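You will see chain A twice below: alongside chain B first, and alongside chain C after that.
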Partner chain A sequence: MKTQEDMKKELHAWIVKNNAKIKAEELCNDTDIIRERIINSLQIIDLLLFVERLSGTSVEVEQLKPGAFKNIDTIYQNFLERQGDEQCNK
Partner chain B sequence: MNALKQTANRLFSISQNNYLNPHTALVWPETLERSQWFMAPELISLNGSPVYEELSEKQKKELSFWEAVNFFSLNIHGEKALVEGLAQRLYRRELADVAEYLHSFLDEENKHMVYFGGFCQRYAGKIYRDRKLKIEREYAYGEEEFLFFAKTMIFEELADYYNLRMGNNSEIELTARRINLIHHLEEARHLAFGREIVRYLFNKFAAHWTGEVLQNVRHYLLSYLEATWKEYYNPDVYRDAGLDEVFDLVDQAWHSSASKKHRQQASFRCVDFFVKEGILEKNLVV
Partner chain C sequence: MQQIAQITDFSALPGLHWQENGQLSLSGSLLRLYKKIDQKILSFIPDIIFDEQQFSPFISAEQLHKLDYLHGFPHLITMPVTLDSSQASLQAFTAAPLNENGNLNLTNIAPCREVLTPAACYHFYEKQSDTELNGPCYLTTLCTCFRRESAYHPLTRQWAFSMREFVCLGTQEEVQEFLQRFEKALNSYFQKQLWPVIFEQATDPFFNPLVNAKYVVQKLEPVKREMIYAGNVAIGSFNFHRTFFGERFNIRRQGEAVFSACVAFGLERWLYAVLATCGPDEKDWQI
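Moving on, here comes the complex of A and B:
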């Protein structure tokens, strides 16, 4: 069972692993990974797959809200929160 | 510009003489017998990974159907972006000399989507979703123009590798085979134009770029090649084919030595061109 903290940690680890420019201690949950160019448009495809794997649901790019991939917090809120809550409540 | 203009004129003439009506070029059967190959077995993304060897022939053929739907869906998404970009470039001053051919290019890309979409909607009832997300950024002088055509070339070269191996392959179900063949015949012209325009734009703009911009362009092209390949390994395909643990299958397939070799072979023609033109420094394996 994964908690909110577990999932945010996994997202954090994935972003650091996939970007040589940023150190783990420099990436916070509210760091803007798009504006800071930590993740580019091509890496988003991989990040989407990772989020789908974590959430167990499909992400529809055409229906994404603006800023959904802005930072770890927004990714969690948009794609993982319901699952995290359900897991916590189980 | 002369070489580009000559190539465009020659290709325009061939396009005119080989004009196809997309609504009559194919006969669409009511249903397709699924016990056939829709994708050549050696092109199936899971081929070479342990799970593939455990599948029955019936399961492999079912998987081949969904792989074909994914391949056609990727082409639709790529061609949608291409049509959008080509339309924006029609009659731009620097491309005015090749505008006539750009009209044919646009027309043919639109037709291809009729074939791909027709197959996916009729027989799968869907087109696989696009996972690409556009992020706006600033570009150096000419960088966006060059990258548009260079990315088009990568996407089309990879697709053509598949078309070429299935368009005349009697093992492949007839409708899927015909789509691959028609696409290959028209893409051959687009690829010839693509090479000329990529060469022309690189020679025109790269001299204005700093070393950092050039390195970023090179890095981006290699990342684009890798990202394009990753879309050939679609967990939705594996799910539709009735397989489990689909994300693990993506990892298995992507990292298998057989698939690395396949990607290297299929990318060779395109990467070799970039290296010979000085666009990429060395041939890197995806």
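Moving on, here comes the complex of A and C:
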């Protein structure tokens, strides 16, 4: 059972692992990962697939809203929160 | 709001010669109006001196590939194809150049390295490549652009069309100020003209968009806004490229990859907007 903290940690670890430039301690949950070029356009699809694995549901590209992948907090709120809540309530 | 005059058949307008394959010719009063529209657009930001340049309609495929255009928009590309120059190839072609459907019977094709440019501003980035800018750079060009589409309509969707583009290369602040100034000037203009135009977030028409990372990024981090006339015709767009062209072409400002943006206008679509707003009679045309 994954908590909110677990899922944010997994996102954090994935982003650090896939970016050679940023150190783990430099990446916060509100760091803008697209504007600060921490995630480039090629990696965004991989991140999207990772979020799908983490949430257990598919992400509809056509439904994506501006800012949804802005940072770890927004990814959690937009794609994982319900999953985290459901698991916490079990 | 002014009543929009209904022109049911634009292809029947005097001075407009339309071919079903998306090619338009203009003459007389419509050609004069086309030129006035371009002059009007050039006057929107009078205190910025734009360096006007003119380019060939060819752009190298290699250059477009640097921009991922060939992957992103293969359905739009038009290539200038030539025959292999060997005597045998040319001889074979002349024997039966056209088939019964009017299609060219192409024999051997020479290597194709060029594309007919799909956008006006791409030429600028190659030209500015490997440079360090000392200040903001403002550029403009009017170019015939080519985009293959599944269907064509006079003025609103053409294979060959005219694009007036303005480009700013600079710091993020300089580039955003450039976009804001254009948006403000255009807002005032559309209000004054009583044109039903709204500004709307948009994405580029990618091939297989759902698996294209650039499309996904455009959805998440909007960089394109269009000027939509009467709900369905995009008469222009604002495009914030961030440092994409600066990085791809090594154009720098203050030691960093330069930011860039362009504002693009489809002149035939502006012609459409004037005609749809004011009607077919020249004396009613206001720009």
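Here is the rule we go by: the second predicted complex is superposed on the first by the 90 of 90 C-alpha atoms of A that agree within 3 Å, B and C clash if a C-alpha of one lies under 4 Å from a C-alpha of the other, contacts with A are read in each partner's own complex, and residues count from 1 in each chain.
Note that in this section a residue touches a chain if its C-beta (ideal position, glycine included) is under 8 Å from a C-beta of that chain, and two chains touch if they have at least 3 such contacts.
Remember, it's a predicted structure, so these values are computed and weren't measured experimentally.
*Asks:* Under the superposition described at the top, does placing chain B and chain C together on chain A give a clash or a fit?
*Replies:* Here chain B and chain C cannot both sit on chain A without a clash.
*Asks:* Return first, second, both or neither, reflecting whether A:L64 touches chain B, chain C, both chains, or no partner chain.
*Replies:* A:L64 sits against chain B and chain C alike.
*Asks:* On the A-aligned overlay, A:A13 touches which partner chain: chain B = first, chain C = second, or both, or neither?
*Replies:* Neither: A:A13 stays clear of chain B and chain C.
*Asks:* Where does A:R53 make contact in the superposed view: on chain B (first), on chain C (second), on both, or on neither?
*Replies:* first
*Asks:* Quick one: classify A:A24 as touching chain B (first), chain C (second), both or neither.
*Replies:* Once the two structures are laid over each other on A, A:A24 reaches no partner at all.
*Asks:* Answer with first, second, both or neither: which of chain B and chain C does A:L42 touch in the superposed model?
*Replies:* Both partners, chain B and chain C.
*Asks:* Just name the clashing stretch of chain C against chain B, choosing from 5-13, 185-193, 203-211 or 275-283.
*Replies:* It is 203-211.
*Asks:* Intersection of chain A residues contacting chain B with those contacting chain C?
*Replies:* The answer is residues 34, 41-45, 48, 61-62, 64, 69 of chain A.
*Asks:* Quick check on the complex: what are the chain A residues that touch chain C?
*Replies:* 34-35, 41-45, 48, 61-62, 64-70
*Asks:* Which residues of chain C touch chain A once you look at their complex with the stated criterion?
*Replies:* Chain C residues touching chain A: 201, 209-211, 213-217, 219-222.
*Asks:* In the complex, go through chain B and note every residue touching chain A.
*Replies:* Listed in rising order, the residues are 129-135, 137, 220, 223-224, 226-227, 230-231, 235-236, 247, 250.
*Asks:* Flag every residue of chain A that touches chain B in the complex, lowest number first.
*Replies:* 34, 37, 40-46, 48-49, 52-53, 58-62, 64, 69
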